[in-house]
Amino acid sequence: EPKSRFKVGWSIYVGWMPWGYAADTGIVDRWAEKYGIAIEVTQFNDYIESINQYTAGAYDAVTLTNMDGLSIPAAGGVDTTAVIVGDFSAGNDAVILKDSTSLAEIAGRNVNLVEFSVSHYLLARALDSVGLSERDVRVINTADPDMAAAFQTRDVTAMVTWNPIVSEIAAMPGANLVFDSSDIPGEIIDLMVANTAVLADNPDFGKALAGIWYETAALMVADTPEGAAARAAMGAASGTDQAGYEAQLAATRLFADPAEAVAFTLSPDLGTTMDHIRTFLFDKGLLGAGAPSADVIGIELPGGAVMGDPANVKFRFDATYMQLAADGAL
Amino acid sequence: MNAITVENVWKEYGDQIVLENLNLSIAPRAFVALVGPSGCGKTTFLRMLLGQERPTRGRILLDGAPLPPEPGPDRGVVYQRYSVFPHLTVLGNVMIGTELRGARLLGRRFGAARRALADDSRAMLAEVGLAGSEDKYPAQLSGGMQQRLALAQALMMKPRVLLLDEPFGALDPGIRADIHKLMKRLWNEVPMTVVMVTHDLREAFTLATRILAFERLRDRPEERLRYGATLSRDIDVWPPRIAGRTTLYDADIPPGQDDLTAFGQVPGTTRHTGAADHAAHSPLA
Amino acid sequence: MNAITVENVWKEYGDQIVLENLNLSIAPRAFVALVGPSGCGKTTFLRMLLGQERPTRGRILLDGAPLPPEPGPDRGVVYQRYSVFPHLTVLGNVMIGTELRGARLLGRRFGAARRALADDSRAMLAEVGLAGSEDKYPAQLSGGMQQRLALAQALMMKPRVLLLDEPFGALDPGIRADIHKLMKRLWNEVPMTVVMVTHDLREAFTLATRILAFERLRDRPEERLRYGATLSRDIDVWPPRIAGRTTLYDADIPPGQDDLTAFGQVPGTTRHTGAADHAAHSPLA
Amino acid sequence: MRLINRHPGRAARLFLGSLPFLILVVAYLVASAARLADNPGDKLLPALSSFAQAIETMALTPDRRTGAYLLWSDTWASLTRLWAGLGIATAITLVMGLAIGVLPVMRALLAPVVAFASMVPPLALLPILFIALGLGETSKIALIVIGVTPFLIRDLSLAAAALPREMIVKAETLSASTWLIALRVVLPQVMPRLLDSLRLQLGPAFLFLIAAEAISADSGLGYRIFLVRRYLSMDIIFPYVAWITLLAVAMDLGLGGLRRLMFPWWGLEGRR
Amino acid sequence: MRLINRHPGRAARLFLGSLPFLILVVAYLVASAARLADNPGDKLLPALSSFAQAIETMALTPDRRTGAYLLWSDTWASLTRLWAGLGIATAITLVMGLAIGVLPVMRALLAPVVAFASMVPPLALLPILFIALGLGETSKIALIVIGVTPFLIRDLSLAAAALPREMIVKAETLSASTWLIALRVVLPQVMPRLLDSLRLQLGPAFLFLIAAEAISADSGLGYRIFLVRRYLSMDIIFPYVAWITLLAVAMDLGLGGLRRLMFPWWGLEGRR
């Protein structure tokens, strides 16, 4: 049903910092006002909790990755639409080995990572690339805030994680990045998703989100004092400084230009990526306990093509709002 | 009013029979001294009169009606120990009864009412020889002082039935004589029935109108569990003492003195009613 | 051996002076009865003899040497309360002293040694009239039974100095007479000095060789803080009683009886040494 | 009759005791039904049938990956950690708590640092713990020990110091040495209190266990809860939480029974 | 003289009490120097100078983003949550703990569910809490309340039930109603114990506060620690942890002083 108050959750991660900045500096309010709605933005420190709250219906939109969007809200029955494709990881996620520079030597080791996260997916892709499978390693679930410390213990010899932890660990003696997300470009995508039903009833909400994002993104990539100030603020908000934040941005392929985002979303590669991901998730049993095949959940790609069960479409990519931004029609 | 009747009362703790087949009745305004060997069940009997414990068998009547199953302001008590509140000062301990009775909401008095009560309480404390210790806490008192405080606390309430468990055991003869006088005066003035456990027969004869002795008739160690104590003697003090009336008899309390060598003959002689005399007792008033 | 000398001892609690300028000496193997009004500082004095409290001023000597600053097995004690261990049975409470003394590592005896000790302990319990209650816990005993247990516990250790704080206060005359006999026997057999607080002068004269009276010479309420009690009388019992020797005098302890009316004349008369007689006392043995 | 003297009978107690639980269950069912009516796919408050199915999967079906019955292998992994942690904590407490409670010198030396330690949020210092002890079982057990020991020590030493001074003096006159006082007078009298405070620490112990398992593990009740938390699988989380609570309540009752069995004198003294 | 009777003097106590802290500091400095010698970029055990700098940044320099002095704004945010939580917990405890301790009927009704609640690991049920209460201050305060109240209640009701039966009977003979017994006999005698158990719960209260702030917050001590944890910024974490500990210790001492001031009779009775 149409409504006028919306709740958006975001969590602290390099590609999502603009949401916090936009909320702090009034960009959010400005766009909300323009469409006659109110948007409440909540910062989460805990990524999973933000998704849980969205899945449980407490939030209308949330930031997450394409894989988590499929495995958590979509597999949980919440029809979810990707409104904005913000960026993809180009080095922010990495496989790190201690005292070894060859990925193949990961065989037989314990690998510390957040189980069933994009790190797990990255590991699967990495193992694939050297002809190994997950059976050749032992996965130890490890909480992300403790990764940096964990890496310093003797027990840990292989780890998969994301930024800013990756750069912290990379600076430690003996750490070698042997595989990272730039080796599988475009597969780990950071999104702003919204509940499909809410979005369908309230297109203004989608427009406002797009407006907020592209105004902020333009500001942050600008090579101006304002841009620098914005990056410094986002750095501070994520617990580091401007330099630290810019280093993380460097490993991120940010779509500040809506046209690029539209192009990326419309490209057939997205279908291939989503197929990889749903196969991985199905292998891990994450598409539901009784799922007969990777096809149980339908994924609607831009243009209406559906991958999987068309009667059970729960995850959708929709370029409409990015297109509006690209057209300057917001 | 205030008549207590005990009918066929037995009390057991687990396997042990403590009291066996008690039958007695206590007249209103009697002053009963309860004597008997240590461990025979005197405290247990008081606890039952108080309503804190229930007889295993039999029943206790107060003025013909079954004893209320819980303690109440009609029956006051001074325990062998644990008798005062550690968190109140001496003065507070004496005041609390009246405060609780008068202020049902907060249990406190304020302003003039409080000052009047404090004055009364100070007077009572002076009577039991605790003047000057009003602001101490019980833990700072000596054993005998705690005992007197407990007594003052109970006396302030002027209960219909007052149960005293060795209330003067830790007092020196001087103070004890003073308090005997106080007890007598109160017993004469206030319509109350007193049941007092004591080991001091002199004291029993000085104060009481009647003396009850409990005894375990079979007391070999191997019998102690299976046989309880029962009423073995029931003696009316002679000449009869009647509440509210001063008798010649009462004049001969020795003056508060501490001459170490003076021991007068015990006042009062006895009319023996026999060891097996469990028959109901003729009231005295 | 066992001589106690008290020199210029003062004791204050905060602002309150409790004991004032005590000077006295107690001969070895004396049996001293300490009397005095409630709250005058008798317990405080015992605590100082025990080493549990220190004098504010002055000093206490044991056999000429300063009193060890902590309690030890040479001095036994029976308190007015808190005297037994709640976590041990009656038998365990009596055994523990010997166990602690003999087994320095575990504080427990096993096997035959334990059985022998248990037999001794049972005998002691029987002497204080607690046969049959060996397996109860203190909380299941009556007041008088707890008191007797504490006494049995202390007597098992046969200390050189035994400090008793109103040890027979909660006992009936029958048991009390039995225990008096026991006390006398032990005092005669074991080389010990006894200091006993009591409010019962009869008892004092029955047992003691000497009677000390503490008194607050200025006792108006407003003076109570500023003036303490001091030694007001010091009386040797006559005929002199000498430890280890039975005298004709000792033969006249009344037999354990509970005839409610029998009160014999108190044995022993006194030789008054005067209220100000603080001079060192001639030893009796 | 005053309310304070009204003792409900056995049946009434049972009824009263289960009433709040019934209310909770009914409240859950109502809330769950409401949410499910709104969105049949709701995962926050699953229907009872989902629980049954999840329990069946976790407890009665061997895992596809490892072949183990997950609930049981998780329980076993967690309980061994928990018991090891509580055992070590108890041992340390007995030594340090008694020392602090009995010996003034040890009290001066250790009481401040123990009070301080009980205030340090242990989860914030995990990195140091990892570096010192590694990521294996040791550090999980250590976290439990670090989390509960300061409380146990403070509680025990408070209880020891609260024994009446007369009791200690009495033991001294019975020729006890400091060691024997600790062993035969203080220890047995504070043991019931130790068992009671161990009972109170069961909740926190499970909390630290779960936190430790959330950080790095490949089995355990806490591991499973945090793993499935990603998917808001409340159908698994609820049964696991209920199971943990049941385990803790069972241990609580067990320790309570142990106390009554071992220390029959406790509770005789005037307590109701 | 037995060790149990050796009471160190004031100066000795001060010295002994600070000894363990000194040892800890020295151990830290040695370990830190060793690690920094190995790897000058090591972040796990920073040198004292790094702490000084971090403290300077956090406490004395206004934040560029918000203009606030972070340490102080974090402290304020956390303390208000903590105090609100503890205040509510205390209020609930007074009512429920007294009711359970004094009234057999309430004990039958509530004791089982409270014992049960004290065993539920609250962190596992966070999603429900957040859905029910939102992500604002309410849910953070609620987590503290949920975390500490069951313990406070259990402790208080144990203390109330442990009062000698004679004391209650005595009050009844002094004409007290159930209400007045609770108000004037039980309450004042358990208050010191409540203050003591509140002191023991300061540590857990901070723990729950930090956990709540780690989920969703934009200021607070726990938030900051969580934020910089992924950078292994021990130079900030250590001072923050030390600061939290100091705050807790100060509150601990404050509550202890309050107890002595308000309840002078407590501790007179035979305690050492």
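So that you can tell them apart, the chains are marked A, B, C, D and E in the order they are listed, and the count of residues begins at 1 in each.
Rule of thumb we're sticking to: contacts are C-beta pairs under 8 Å (C-beta built on N, C-alpha and C of every residue); 3 or more make two chains touch, one makes a residue touch a chain.
Because the structure is a prediction, the values reported are computed rather than measured.
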Checklist line | Intersection of contact partners for chain A and chain C | finding: D, E
Next item on the list: Would you kindly say which chain has the C-alpha centre located farthest from the C-alpha centre of chain B?
Entry: A
Note to self: For this structure, I'd like the pair of chains sharing the most C-beta contacts.
What the structure shows: D-E
Next item on the list: Go ahead and note the Å separation of the Cα centroids belonging to chain B and chain C.
Entry: 28
Next item on the list: Could you grab the centroid distance between chain B and chain E? Build each centroid from C-alpha atoms only and quote it in angstrom.
Entry: 49
Checklist line | Two or more partner chains touched - positions in chain A | finding: 52, 56-57, 146, 148-149, 152
Notebook entry, point to check: Residues of chain C that touch two or more other chains: which are they?
Noted result: 70, 81-82, 140
Next item on the list: Give me the residues of chain E that touch two or more other chains.
Entry: 2, 5, 44, 127, 131, 164-166, 172, 177, 229, 232, 269-270
Check: Where do chains touch, given as pairs?
Finding: A-D, A-E, B-C, B-D, B-E, C-D, C-E, D-E
Note to self: Help me check something: in the complex, which residues belonging to chain C touch chain B?
What the structure shows: 13, 35-39, 41-43, 80-81, 126, 129, 131-133, 140-145, 147-148, 165-166, 169-176, 199, 201-202, 211, 213, 221-222, 224-225, 233, 235, 258, 260-261, 263, 265-266, 269-270
Margin query: Under the stated contact criterion, what part of chain A meets chain D in this complex?
Written below: 48, 51-52, 55-57, 68, 71-72, 75-78, 112, 115-117, 138-143, 146, 148-150, 152-156, 285-286, 289
Next item on the list: Sort out for me which residues of chain E touch chain D in the complex.
Entry: 2-8, 12-13, 16-21, 24, 44-45, 102-105, 108-113, 115-116, 118-125, 127-128, 131, 150-151, 154-155, 158, 161-162, 164-166, 168, 172, 177-178, 181-182, 196, 200, 202-204, 206-207, 210-211, 225, 229, 232, 234, 237, 240-241, 244-245, 248-249, 252, 269-272
Checklist line | chain D residues touching chain B - in the complex, by the definition given at the top | finding: 1-2, 5, 270
Check: How about chain B: which of its residues touch chain E in the complex?
Finding: 50, 52, 70-73, 75-77, 79, 81-83, 85-88, 96-97, 99-101, 104, 106-108, 137-140, 153-154, 157, 159
